[in-house]
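Shared between the two complexes below is chain A, which pairs with chain B and chain C, respectively.
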Partner chain A sequence: MRNSGFLESLNVFYQYSKLSLKVMLEFKLDRSMITLAIFCREMIAVVVMLLILARFLHIRGWDMNQLFFLYSFLFISYSLFVFIFAGVRDFDQLVHSGEFDRYLIRPRGLLFQVVASKIDLPATLGHGVVGVILFMNTAFSVGITWNMQNILFYISVVVGGAVIQASIFMLTACMSFWAIRIENIRNLIFFNARRIAGYPISFYPAFIQKMLIFIVPFSFVNYFPAQFFIRKEDMNLFWDGFMYMTPVVGVVMFVVVSLFWRFGVRSYSSSGNALY
Partner chain B sequence: MALIEVDDLVKEYQLNVRHKGLLGSIRSLLIPEYTKKVAVDSISFSIEKGETVGFIGPNGAGKSTTVKMLTGILTPTSGTITVGGLSPYKDRKKNASRIGVVFGQRTQLWWDLPVADTFDLLKYIYKIPDNVFRENMELFSDILGLQEFMKQPVRQLSLGQKMRADIGAALLHNPEIIFFDEPTIGLDVVAKEQIREFVRTVNRERGTTMLFTTHDMLDIEKTCKRMIIIDHGKKIYDGTVEEIKDKYGRSRVLRVEFSEYIADVQLPGAEMIKEEGNKKWFEFQKDQTQVSRLINTLSQKYGIVDITVQEPEIEGVIREIYQGGIDLNETLSGVS
Partner chain C sequence: MRLYLELAKKSFQNNIVYRADYFASLINAIVLIFVNIAIWKAINEEEGALGGLQLNILITYIVISFLMQTVYQMDEYFIEGKVRTGLISTDLLKPFYFRLFVFSYNVGSMVFKFIMQFIPAMLLSVFLFRLLPPFNTQMLLYFILSAILGYLVLYNINFIVWISSFWFYWTFSLVTIKDAAVMILSGALIPIWFMPTWLIDFIELTPFNAIFYTPILIYLGMMPEDEIFMSIVKQILWIIALFGIGHILWKRATKKLVVQGG
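Presenting the complex of A and B:
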């Protein structure tokens, strides 16, 4: 029974996606340009890094392929996150415009509707393609045997990483329920943390390491999963268990944030968007 | 038990006090101050299945807040609501599948896609069976004329077409209760009439319960038998449209066109309020002066080309109630 409910929801999700896709096709040129723009923006960062790294053979024991393998996690998991959670990313607009009221009078879960009603394909593709390029060029030259076990672990850390990022966005989305808009601060913290995480966190002072582990846990999106695969010496600085923790961190963060979300919905229904 | 039962409903908002100017903004950021605003102040009523009820009141009277509580968007501060035996906010999803809501100022249609696409999506969201969906589409095409523009992107539709499509979208899952929040706002006379006709048809044929909030009294007169007036969060009237018109629309205007210009017309029991060429308008109270006596008097003295008696419009009556000119008194059955 529960299973058929899940399939039914999946079908509704598919129907929503079909409409999003149709909207995108209405504006083919515009959306293609945006996709290209995002791809170029991200690719330039990669190229700049490449030019700098080309002058060194190693940095603290990491060679170029290993560094780009580390970097690829950020793009692939971000792509997955945006593909599913674009609605959460833009949630503040939904509340501000009063459109959220409409979701409350539909016989479906709220988070489900928020997630299903928006798909940002340009961002998904823009980041995804960069991620895949990096992955294809590095994953087979850093000494990983891609056996079943490793492939499954890889999938689980990419999903886990996407959920971690989704949780960060959802946490700030919840603030909209109290008419607090912190999107700019969020973007500042999120994207800078992401940029910092582009390099192994062992390169940084302890303060920044702690921040990327405990506060904005980007280290679980790329550093620790990458360490699982290519095991460098600097992993000795950290607890070994961190390498396996990405899915756990994702699940725990998501559960906690979901509770906060529920609390937020309850608060919203006591004031509506009258606060704005 | 009635379909909708509302008992002693109260809704208070905590509002942020904002001070003027930049310094004021900083001050309210650092030391937030709140005031309590009572939007709905112990309202009670019950609505039977198949009733059409108009909710009226000046801006900010608490109509929208009440409707938001009935639809499950907001939780009441105190008091109880049951809609078809359910609590709208506790059983949000269950309640949502049985109600339809039309917001006159906000569309639920996908802006860049043809109307038909939104309808298809709603079919899945509300789990509408194929045969019901087909039947409804036929009905809407017939009465609302939707087929003309089903394939056009919503952004290209006129306001009237959009409204019709929105009403169709809200009724697609055969809701038992429909809430209309200003459904005719900004529409022309023909479009308004078409929507009213549709509403009457659905109510008659399906026995759907309907609640309106509107500022257009003609909407109420043409579609609702019952009217609830809310002001300052309190219910001040709940009864038939007819009764309030009878009781408070006591004055009548007699419009007379004379065959020649008469400088001074003496008409006891009535007062001249307007004059234009050979035409004159007289106001009288129908319970004090008989119209037949007035006409007699006039026709005996003067030559008359045309004569009409004008009823006051309900709008005028309501305006006076809002402005406090009419004190709804206890003799009226609907006053609580």
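Presenting the complex of A and C:
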């Protein structure tokens, strides 16, 4: 059964998506309201930045377009991450409710099922719309020539950024296998890191910069890719190679975390309290 | 009265149990303050950007604002949970006023956050960020009064949103949109004096600046003494108006209460 092929998997994925979509359409008004709410929540930081820049015009040589271009990476890659990996984001609930046991007895890869079984369209759209608005308003006014090479690099960077964020979530999802609850701490670290990364990391003290490069590598989601495109002076603070490393960081993190995941699945014992 | 004090005490003790959450939100507040100060320092580097205003004052503004936000955080889904599980039907039968019960529950956890988060974080901030003390003792007293009134303004706004759970099954979206409005328009994240004039004029017409902005201005001694009286009166008027709206909605809500199963 396992080697029934790629097309077969694709078909299962399609069926899963259709089901998720049906659930969503069942609650049209509610889900649209949630999308709007997420949009508003994400706009808080954007509006605050807008108000600051309306008053001060630029911060350390970064003007409004450049700062918003930098910010747009966070939203677009997060949107892509949630679109594909919503199941990973909510993985801990799967384990705590015992639902995960059902996945174990199905003839498909576990990670595939976790990824395929859930689509969070409100979050995808809520973040995505903010990202696209920011991108469309800035991408053509910060002096980037959108040739083939740049477009390809942009895509690889957004995918890389999404994979980096997915890896952070998967790492904490793995902790659930040993019944360690760290969702609170993960959210604290993840969303604070994301908030910090909204501004150029060169604004911050050195230890925060180091943290965003080596520990929670959010700087590879937006700061270094943005530097590749708009090349500000403060890039001199960092090694030039960082600008090209986003896809590499993504792949390395994903491979390491996948190995950890396999190890985790092997030592999994059920919480034994199926709620459904 | 003793009953409600007892309820508040229970809620206070409830908070002690969740130690991980406690440390998480304390660290969260410190990190946010730290990051915001870094950004304002970066802005300040452009010469004269802050218009002669001392960076110290701005830092104090940010610290007080974020600490107040931590203390003012309320359990947004308390009433929704009661309605959805149907527990509200038994709560309504109990010999207390349900609204006072909700209020004592929130006050209990507010007092907890004040003692366990505000005070330690405040002391820490004095060393970390060189927080300015209140302008003078008189202003400190006005600040305390105004901050309590600010809490009541926010509580009454929140209550109106919470009550909507009688009509809507889920209130996540309304709560989140309300939060966005409060965060931007209350001056919690950026001092209102930096905003464009048309926006300031608009905010003057809303209750939002009565939550954080008024108390912080008083703390900093940036409000002339004759204006303080008016601002406090304005806070009280907003509390009365918002409470009135909440009261009408509550009367309607309890009349049409439908419990789904329970």
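Quick notes
To be clear about the criterion, the second predicted complex is superposed on the first by the 264 of 276 C-alpha atoms of A that agree within 3 Å, B and C clash if a C-alpha of one lies under 4 Å from a C-alpha of the other, contacts with A are read in each partner's own complex, and residues count from 1 in each chain.
Quick note on the criterion: a residue touches a chain if its C-beta (ideal position, glycine included) is under 8 Å from a C-beta of that chain, and two chains touch if they have at least 3 such contacts.
Just so we're clear, the structure is a prediction, and the values are computed from it rather than from any experiment.
In the superposition on chain A, contact is made by A:Gly98 with chain B only, not with chain C. By the touch criterion defined above, A:Leu7 lies against neither chain B nor chain C after alignment on the C-alpha atoms of chain A.
In the superposed pair of complexes, A:Leu25 makes contact with neither chain B nor chain C.
After overlaying the two complexes on the shared chain, residue contacts for A:Arg55 are found with chain C alone; chain B is out of touch. Legend: residue contacts after superposition of the two complexes on their common chain; A:Met148 is shown touching neither chain B nor chain C. Contacts of A:Met33 after superposition on the shared chain: chain C is touched, whereas chain B is not.
By the touch criterion stated above, A:Ala206 is placed in contact with neither chain B nor chain C. By the touch criterion given at the top, residues 13-16, 65, 68, 71-75, 77, 89, 92-94, 96-97, 99, 101, 103, 106, 108, 110, 112-113, 117-118, 120-121, 124-127, 153 of chain B touch chain A in their complex. Residues 8, 11-12, 15-16, 19, 22-23, 26-27, 98-99, 101-102, 104-109, 266, 269-272, 274-275 of chain A are the ones that touch chain B when the two sit in their complex.
The part of chain C that touches chain A in the complex is made up of residues 20-21, 24, 27-28, 31-32, 35, 38-39, 41-43, 45-46, 49, 169-170, 172-177, 179-180, 183-184, 189-190, 194-196, 199.
In the complex of the two chains, the chain A residues touching chain C come out as 30, 33-34, 36-38, 40-41, 43-44, 47-48, 51-52, 54-56, 58-60, 184-185, 188, 192, 195-196, 199, 203-205, 208.
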